[in-house]
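Which chain is which? They are A, B, C, D, E, F, G and H, in the order written, and residues in each are numbered from 1.
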Amino acid sequence: MILEKNSKLIMIGDSITDTGRVRPVGEGRNALGNGYVNLVNAFLYAFYPELNIRVINMGISGNTSRDLRERWQNDVLDLQPDYVSVMIGVNDVWRQFDLPQIPEYHVYVNEYRDNLEYIIKQTKDKVKQMIIIAPFFIEINHEDRMRALLLEYQQICKELAGKYDLIFVDCQQEFDHVLNYHHSCFLAWDRVHPDTTGHLLIAKAFLNAIGFSWK
Amino acid sequence: MILEKNSKLIMIGDSITDTGRVRPVGEGRNALGNGYVNLVNAFLYAFYPELNIRVINMGISGNTSRDLRERWQNDVLDLQPDYVSVMIGVNDVWRQFDLPQIPEYHVYVNEYRDNLEYIIKQTKDKVKQMIIIAPFFIEINHEDRMRALLLEYQQICKELAGKYDLIFVDCQQEFDHVLNYHHSCFLAWDRVHPDTTGHLLIAKAFLNAIGFSWK
Amino acid sequence: MILEKNSKLIMIGDSITDTGRVRPVGEGRNALGNGYVNLVNAFLYAFYPELNIRVINMGISGNTSRDLRERWQNDVLDLQPDYVSVMIGVNDVWRQFDLPQIPEYHVYVNEYRDNLEYIIKQTKDKVKQMIIIAPFFIEINHEDRMRALLLEYQQICKELAGKYDLIFVDCQQEFDHVLNYHHSCFLAWDRVHPDTTGHLLIAKAFLNAIGFSWK
Amino acid sequence: MILEKNSKLIMIGDSITDTGRVRPVGEGRNALGNGYVNLVNAFLYAFYPELNIRVINMGISGNTSRDLRERWQNDVLDLQPDYVSVMIGVNDVWRQFDLPQIPEYHVYVNEYRDNLEYIIKQTKDKVKQMIIIAPFFIEINHEDRMRALLLEYQQICKELAGKYDLIFVDCQQEFDHVLNYHHSCFLAWDRVHPDTTGHLLIAKAFLNAIGFSWK
Amino acid sequence: MILEKNSKLIMIGDSITDTGRVRPVGEGRNALGNGYVNLVNAFLYAFYPELNIRVINMGISGNTSRDLRERWQNDVLDLQPDYVSVMIGVNDVWRQFDLPQIPEYHVYVNEYRDNLEYIIKQTKDKVKQMIIIAPFFIEINHEDRMRALLLEYQQICKELAGKYDLIFVDCQQEFDHVLNYHHSCFLAWDRVHPDTTGHLLIAKAFLNAIGFSWK
Amino acid sequence: MILEKNSKLIMIGDSITDTGRVRPVGEGRNALGNGYVNLVNAFLYAFYPELNIRVINMGISGNTSRDLRERWQNDVLDLQPDYVSVMIGVNDVWRQFDLPQIPEYHVYVNEYRDNLEYIIKQTKDKVKQMIIIAPFFIEINHEDRMRALLLEYQQICKELAGKYDLIFVDCQQEFDHVLNYHHSCFLAWDRVHPDTTGHLLIAKAFLNAIGFSWK
Amino acid sequence: MILEKNSKLIMIGDSITDTGRVRPVGEGRNALGNGYVNLVNAFLYAFYPELNIRVINMGISGNTSRDLRERWQNDVLDLQPDYVSVMIGVNDVWRQFDLPQIPEYHVYVNEYRDNLEYIIKQTKDKVKQMIIIAPFFIEINHEDRMRALLLEYQQICKELAGKYDLIFVDCQQEFDHVLNYHHSCFLAWDRVHPDTTGHLLIAKAFLNAIGFSWK
Amino acid sequence: MILEKNSKLIMIGDSITDTGRVRPVGEGRNALGNGYVNLVNAFLYAFYPELNIRVINMGISGNTSRDLRERWQNDVLDLQPDYVSVMIGVNDVWRQFDLPQIPEYHVYVNEYRDNLEYIIKQTKDKVKQMIIIAPFFIEINHEDRMRALLLEYQQICKELAGKYDLIFVDCQQEFDHVLNYHHSCFLAWDRVHPDTTGHLLIAKAFLNAIGFSWK
């Protein structure tokens, strides 16, 4: 179990992290949104109350890796976390498909790698551990163009996690397992924003990756 | 051009037809919703003002063919239309995939054929013409299980239209054409509810099928 | 694991069950509220998608055992569940302390036993299994008068579960464990309505009791 | 067809253009309002998806040519469009009739010519093509004082389009055609803000003028 | 002056009378709406406080003569007025022009005469005096088709008032006078619903007709 | 008649003037509130449309003479009116009675004279005419302490109007006349804010004082 | 002290009693409104917690003695109170002054006596004690017509309380004492609905009359 | 009685003081919230109208002693009060229990003493009298950890009041008395925010401490 007693964990990302968290800082009573961050916090207090972990949700809906890079100093480093998790990239890809006519909104794969690597370098030595949660797309069809492109972004997450010795979390395989039994619309009409079932999959993958055993 | 001067056209279906129409009867000022029915009406008055067609939107969000069958007498026949268009079936299929645990919500393919045929028989001789608009799914992947199943429902539409000599409208090919250039999420995040681009495709397919030439 | 594939589970109770569920029947998309019922459903689909369990939330805020007895036929039996869980009693006790001047609102211990036993008898033979979740009070002080009285109601739950061979779930010990580390106001300002941490404790106790292993 | 692939088209004007578009820039999902700009965009993607045109709505309700002149640099030139359409002038005239006591709100015919010519000169050499859509008044009576005055403003549009070799769009004749069959109140109670029927007339006139064939 | 001390005056009609009056009966504090009925009441109490007239507004927006006929017993006769004023007819005509496709909404000239005469006969002998206020259209152009048709309805008002010896009020000439100086859009964008200026014209015409001298 | 064609009249004061007018400047469509300013404007356009007077409501609820003095340059002089009316003072007095414990809110009689005289001197030579409308209290009892004190403020209005040769309007006598027939609560529950009956009394007194004959 | 332990006290009246109480029965948490009933309840629990009195607010805004008589069986007797207090009459009088033109709303002095006596006779023998709180008017001027008339209604309260041996509460003298120091508008702008200061005067008068000593 | 005629009393604290008071300064009509400050004001005007005390509520929900110290100059001293009451500290303690993971929110006992003493020193010589109301916790169980800790803060209040010769108010004993008869949930579900019963206890304790005799 990597989390030390009384330590601080910041979880950052896009709308899948945000899930309605309180502004400007998502911490305290009813402040963590209703997604996987809230579940991780509930898990930690329900089953490890003695750890007294301070969980902070800094997700912002619509964010890409470019947005994270810009607000990293203010929204992560200035808060002096012990642990940081990042899940980013689905919007980097999605905008290429749902707003193809607006190139300013697209974050292509090379910029994505740069942004993520920049963030990692800024953070690595200032925290006890950093966790990279790869973005996912709730679609089982391997021919789908958005899934195929997102796969490249997932690979970058894995590659950079390996290069800098960070914890890597693969949610795609969790979703793919459920998709063997149910159509993607069961988990999310838009294939991006899951309901509690999907958030539980993320929370479980995250917790297991950092050394807790859930499920 | 099949529409006679001063005649009455009822367009019925599910949420894709409804699009926020006024209750109980969707006719008059700002009453037709903001989808293809509204576009059909605008087309008829912009380019054929002399026809003075009375367009009525009777769509209800969430409806299946079972719901249409139940309210057919009240919501269609009692209004004595000259023409009736029906687009139904996507919810019959969708519920099998997004709510697999609730079988009461599923309308399987045989019941669908029964419902649609019942409706046709009730109506055929009481109107000047009936138009069957086949339901569609905004997904180009032929392996997708929901697309594959919906295809069977589309075939029933085509088959019954042929059997009873009704006008048949195929929207799926219109969407498939655009999907050659853009990912499904460009047209609809949930692959079911299109924006104005998609509604224009439906309106065009409908109008061309009934003898107008648009685009 | 007691839950059979494609079976139906109704969970009923008071506001701790209700948690904002959809009316009249709490089932389907975003319909289960945001408490333990929602977590149980998420658990079942995240980790046992092949079971395809239909979870239904029938909780109503403010209910006592007297209310449950009245609506049992309509809200439980008529829906023909395979499994039923009941968590009721905190309002039976609470009203004796927060509204001492209104005796009509109080459900004393004998009536509670009658109501619960009546419900059990009505149901036992019509379902595959029934689960009694004892009500709880988030207070560690054994001298607290409300805790002391609630303990008697918990005992009745245990006793009747034993008598009729039902599954019994004890949440109080789960909460008491966390209360060793944190003050009651950490879990619930009013000591009755927990946040997600508390609901996770309930979900875990329930799932473990019916044969799943969580945490 | 004048629109090149992947090019950017800004459409600017008053409330007839605005129609509830998103601020500060009307582009992207559900951002184009519900008027002719939205219809033009839908047409382009429904029937010419390969063009991938970026349509931007910069209309602001209540604007006169004086307002457009003031915000032209910020709201048009800084966005570097390939094509620009302008429909302005009805408020320049309307205020002279509905608020006769407030001369500051009136933009008389000479100032209108100056404003429009200034805008054209600023833009002409920076874009691939500029389109002038003349303002219109939905009234068939030639004696109406507002229609008579607006006619002078329409003439200035035509004259300047000719002088600078721009595309000119005449909507008045489209409306006049429909007014042969229906009273003005059928198209717009206030004779200024049309419903979808009227917006379709504008979209058609615009699209035909730039080389598409619609209807 | 025709109004006797302590008598009751009911003013009935469509939206021009209604103007937001209180339901079900428009009498008492802040209950008369903000149109001519309110001005008549204010006039009577400001300048003839000793009369203590009970003014009641029974207008309902959208009403035609057909609607008035249906609710006449309940909404007028049952309230036992001493005086009744009626202004009805603009919707009888308007619907023929703004909803030409819905004939059920049209009240043609013969039915209008029947409805009005029926109302008059029902009332004449039960009240001290009845006042017919002819409907008006705020348009000076004599060629306008709606004005031309409404003129026929005005003539019926005048004719029946003469036949049954009722007081007749002509508002059209009041509006026409102002229209010599200002365009119709100054008084009402839709040429039907005036602002306070127009309501003052109606109130003045009414009061002068019943024997008060205002302005 | 003192108002010249095409001239500008600013009416300023407290809540009795404000009556919900539009901010920042109360002029144009539906912008004048629903009190005497609106009635004056309606009178001028209904009966003297050829004058084309621009009426501006600059009242602000709660204002005292101290507030008016502060905003006089911005809210009156900068707008360059031809005529100005002022009705101020009831709050100067009222606060002494309803908030006796907050002396900062009280404007005593000497400051009131100073404020009013300052305003008059600033304005007198810059406008064609200035009108002082004395504040009023809707109470017939001469012993009432608030009425008695307000009388002194009314006297200052009269005295300064005489000294600077301004038009003086006395509303108190209008209200007192009605109060001979009806209790004060008929006109205003709080004896300060009249309904339309009272506003008609003010409008009439104002219009008669400036040379129009109304009623 | 007249109130027996665990007894039930119903307080009924008009808006001064109602003060926003919960419907249909004003009892329990945050259900008593924010007036004198709430203060009486707070007094009883703050200073006599051992009595455990059940206080019920059954006031309805706008009620006259005629309304109370009609709903007395349902709203008082059916609830089987031990004690009942009634404060009614100000609307019986007020409507004669603020709505003089609507005689149906007026309850004249003889009917008031009948209504009150009827209520008393219905109740007297069914309760342990009945308390008559005379209505009041917050005006010190003895010449005021509404105060003068209300005095007659107060006398009837006193007279009937004496005749039937009920407890009588005189609030008018409480208000008159404060009015020696402050103008009526300090206590209530409309002289009818006091703020907490006035409600404290009522609560004190009531409590002292039934044998408690407050202040 | 310590309060001099026409003097100013500021009452400051956290949510128990705030209770919805008006911003930025809580004084005047309906501005004091609905808690003990409002009751104190009502008491003073109901029973000592001749004193004309100006009561100001400057409480802010959520405040700790640290917050008070920061805003003391602006919110208390700059308003130049004659008397100041302070009730602060429950949030200093509560945050240690309900948000144990966020140490920045905790105000430990030494800082509390410093803050309170700082405030006292800043104020003591500038006012006629200062009153320290010790914070309270509505829980009778002496073993409760939050009650035990709050007791230390209460002791500091008492100690500093003694040291600087200020008036000290002990509310805890008032609540404890009622808790002998009723469970804490009767007075406040969260044991911190009382209803009117509790606020009356605070008001009474305060008023008695400053020399008034209430109850």
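FYI, a contact is a pair of C-beta atoms (placed from the backbone, for glycine too) under 8 Å apart; a residue touches a chain by one contact, two chains touch by 3 or more.
It should be emphasised that the depicted structure is a prediction, and the values quoted were computed from it without experimental measurement.
S.K.: Over the chains that touch one another, what is the least number of steps taking chain A to chain E?
M.R.: Shortest path length, in steps: 2.
S.K.: Where the contacts of chain B and chain E overlap, which chains show up?
M.R.: Of all the chains present, those in contact with both chain B and chain E are D.
S.K.: Please identify each chain that touches chain D as well as chain H.
M.R.: A, F
S.K.: Please compute the angle of the rotation superposing chain B on chain C (C-alpha atoms), rounded to a multiple of 5 degrees.
M.R.: The best-fit rotation has an angle of 90 degrees.
S.K.: Name the chain pair with more contacting C-beta pairs, choosing from A-D and C-H.
M.R.: Comparing A-D with C-H, the pair joined by more C-beta contacts is C-H.
S.K.: If I compare contact pairs by residue number, which of C-H, E-F or B-C overlaps with B-E on over half of them?
M.R.: The pair repeating the interface of B-E is B-C.
S.K.: Sort the other chains by how far their Cα centres are from that of chain D and give me the top one.
M.R.: G
S.K.: Have a look at where chain E meets chain G and say same if over half of the interface residue numbers show up on both copies, different if under half do.
M.R.: Under half shared, hence different.
S.K.: Rounded to a whole Å, what is the gap between the Cα centroids of chain D and chain E?
M.R.: Roughly 40 Å, centre to centre.
S.K.: Determine the centre-to-centre distance between chain E and chain H, using the mean Cα coordinates as centres, and give it in whole Å.
M.R.: 63
S.K.: Touching two or more other chains, which residues of chain B qualify?
M.R.: 29, 52, 98-100, 182, 186
S.K.: Could you please write down every pair of chains that are in touch?
M.R.: Those chain pairs satisfying the definition are A-B, A-C, A-D, A-H, B-C, B-D, B-E, C-G, C-H, D-E, D-F, E-F, E-G, F-G, F-H, G-H.
S.K.: Write out the stretch or stretches of chain B touching chain C in their complex.
M.R.: My answer: residues 98-102, 105.
S.K.: Of all residues in chain C, which touch chain H in the complex?
M.R.: So the residues of chain C in touch with chain H come to 94, 97-100, 141, 143-146, 182-183, 185-186, 189-192.
S.K.: Inside the complex, what are the residues of chain B that reach chain D?
M.R.: Residues 29-30, 34, 38-39, 41-43, 45-47, 49-50, 52, 174, 177-178, 180-182, 186, 195-201, 204, 214-215 of chain B touch chain D in their complex.
S.K.: Taking the complex as given, what residues does chain F use to touch chain D?
M.R.: Touch list, chain F to chain D: 6, 27-29, 52-55.
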